[in-house]
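Order of writing sets the labels: A, B, C and D. Residues in every chain begin at 1.
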């Protein structure tokens, strides 16, 4: 098992009441597994639903991307800069 | 007959060696008549040829426009501002 | 906070007022015939609601990386001389700039194309979020595509 | 020399350096979400010839009228908040601005469209002429469509 801290921002941070949530996942887990596990573990995040993307090491990651070796993982709700 | 001072700019001014050329035309003359008469009277202007437009009272004028009542007439060679 | 891996591209985040003149000056180039500056500012009225102010929050390290990637892609796609992008973070009053993008290019057509592409892309992918502070005292994170901050998941 | 028949539109000619910050400031508006500034500058190299400087000459009264007409047409076609256009006259050194167009609009798409339209139109119709002073000591009026200043008529 690996323990992955997931950074939260904006509404996701408010919903979870935390800047970061740590998720336990098997070594071979992908971003898709993280998505399922995170929303199970923190049901309040359901309000941002499946519109969120994930970033691994500060780049957007596809669902198929493996998490082993990731140094930094973040949940990215729809952005509104500009 | 009316005597129409025509303002010249840029290369046209250099070719004619004058800031203004006065052309004599019948009262019913149009911009097209002015064009023919001006190039007859100042052959050096031929170098700007038929690419020039004319402005009457600070607006581009069509060849059909009558000149009677015009307060200000100018020959406008292709522009290059910007 | 600033990130500049190439001298031709500068991306930055700031908690202070955006200095548009400095950003314009930073893209000056003798090879450029065209300089374009786009500034995004806070509107007072959106639809029928009145905004009092905004707060911008960012995933700062990634935001800078993403701005740099966008500028790199623009510089690969169009012949640009220099690019500068700055985004404001923190509290922003009405009428103040939240983002500025400046670039220089040999010709104007590519300057307009690249400028519009950069702001469109920034709004799609740079991890920065706006919180609207409405005049009625409520506030709300803006997440395009989510129907409301208070609705539950679908 | 300045012409301002409506407070939302300002057009001007100047023999001094163009003050881009003042032009930007002049289009600020609480209704605007987007501000765009385009600056045309002198390039040092065009093709294989080196420009030392430029001189701009204008039919000034008509140039102001025509700039005003273009700004009016843009404001009729796109929902713009404010428009400012300034053109330099006289001697202009390399790298200095010859023209600046600024505008504000509620949304960015119309700001980009209107800005590009205005500079395209200005270059088509505003009676201002550029004389290139080449590094080899010669100089030449620029008249697009005329093959050369020394050729005779066709």
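FYI, contacts are C-beta pairs under 8 Å (C-beta built on N, C-alpha and C of every residue); 3 or more make two chains touch, one makes a residue touch a chain.
Quick caveat: nothing in here was measured; it's all calculated off a predicted structure.
Listing every chain that touches subunit B and subunit D alike gives an empty result. Steps from subunit A to subunit C, taking the shortest chain of touch contacts, total 1. Each chain gets one centre point, the mean of its Cα atoms, and the points for subunit A and subunit B are 72 Å apart.
Between subunit B and subunit C, the centres computed from C-alpha atoms are 50 Å apart. Inter-chain spacing, taken between the CA centroids of subunit C and subunit D, is 26 Å. Counting only residues that touch two or more partner chains, subunit A has none. For subunit C, residues touching at least two other chains, in rising order: 40, 119. All chain pairs that count as touching, in label order, are A-C, B-D, C-D. On subunit C, the positions that touch subunit A within their shared complex are 40, 56-59, 61-63, 65-66, 87, 98-99, 119, 122-131, 141-146, 149-154. Contact residues of subunit D toward subunit C in the complex are 20-21, 24, 28, 30-45, 94-95, 97, 104, 106, 108-109, 111-112, 115-116, 119.
Residues 7, 9-11, 14, 46-49, 51, 55, 58-60, 74, 76-82 of subunit A are the ones touching subunit C in the complex.
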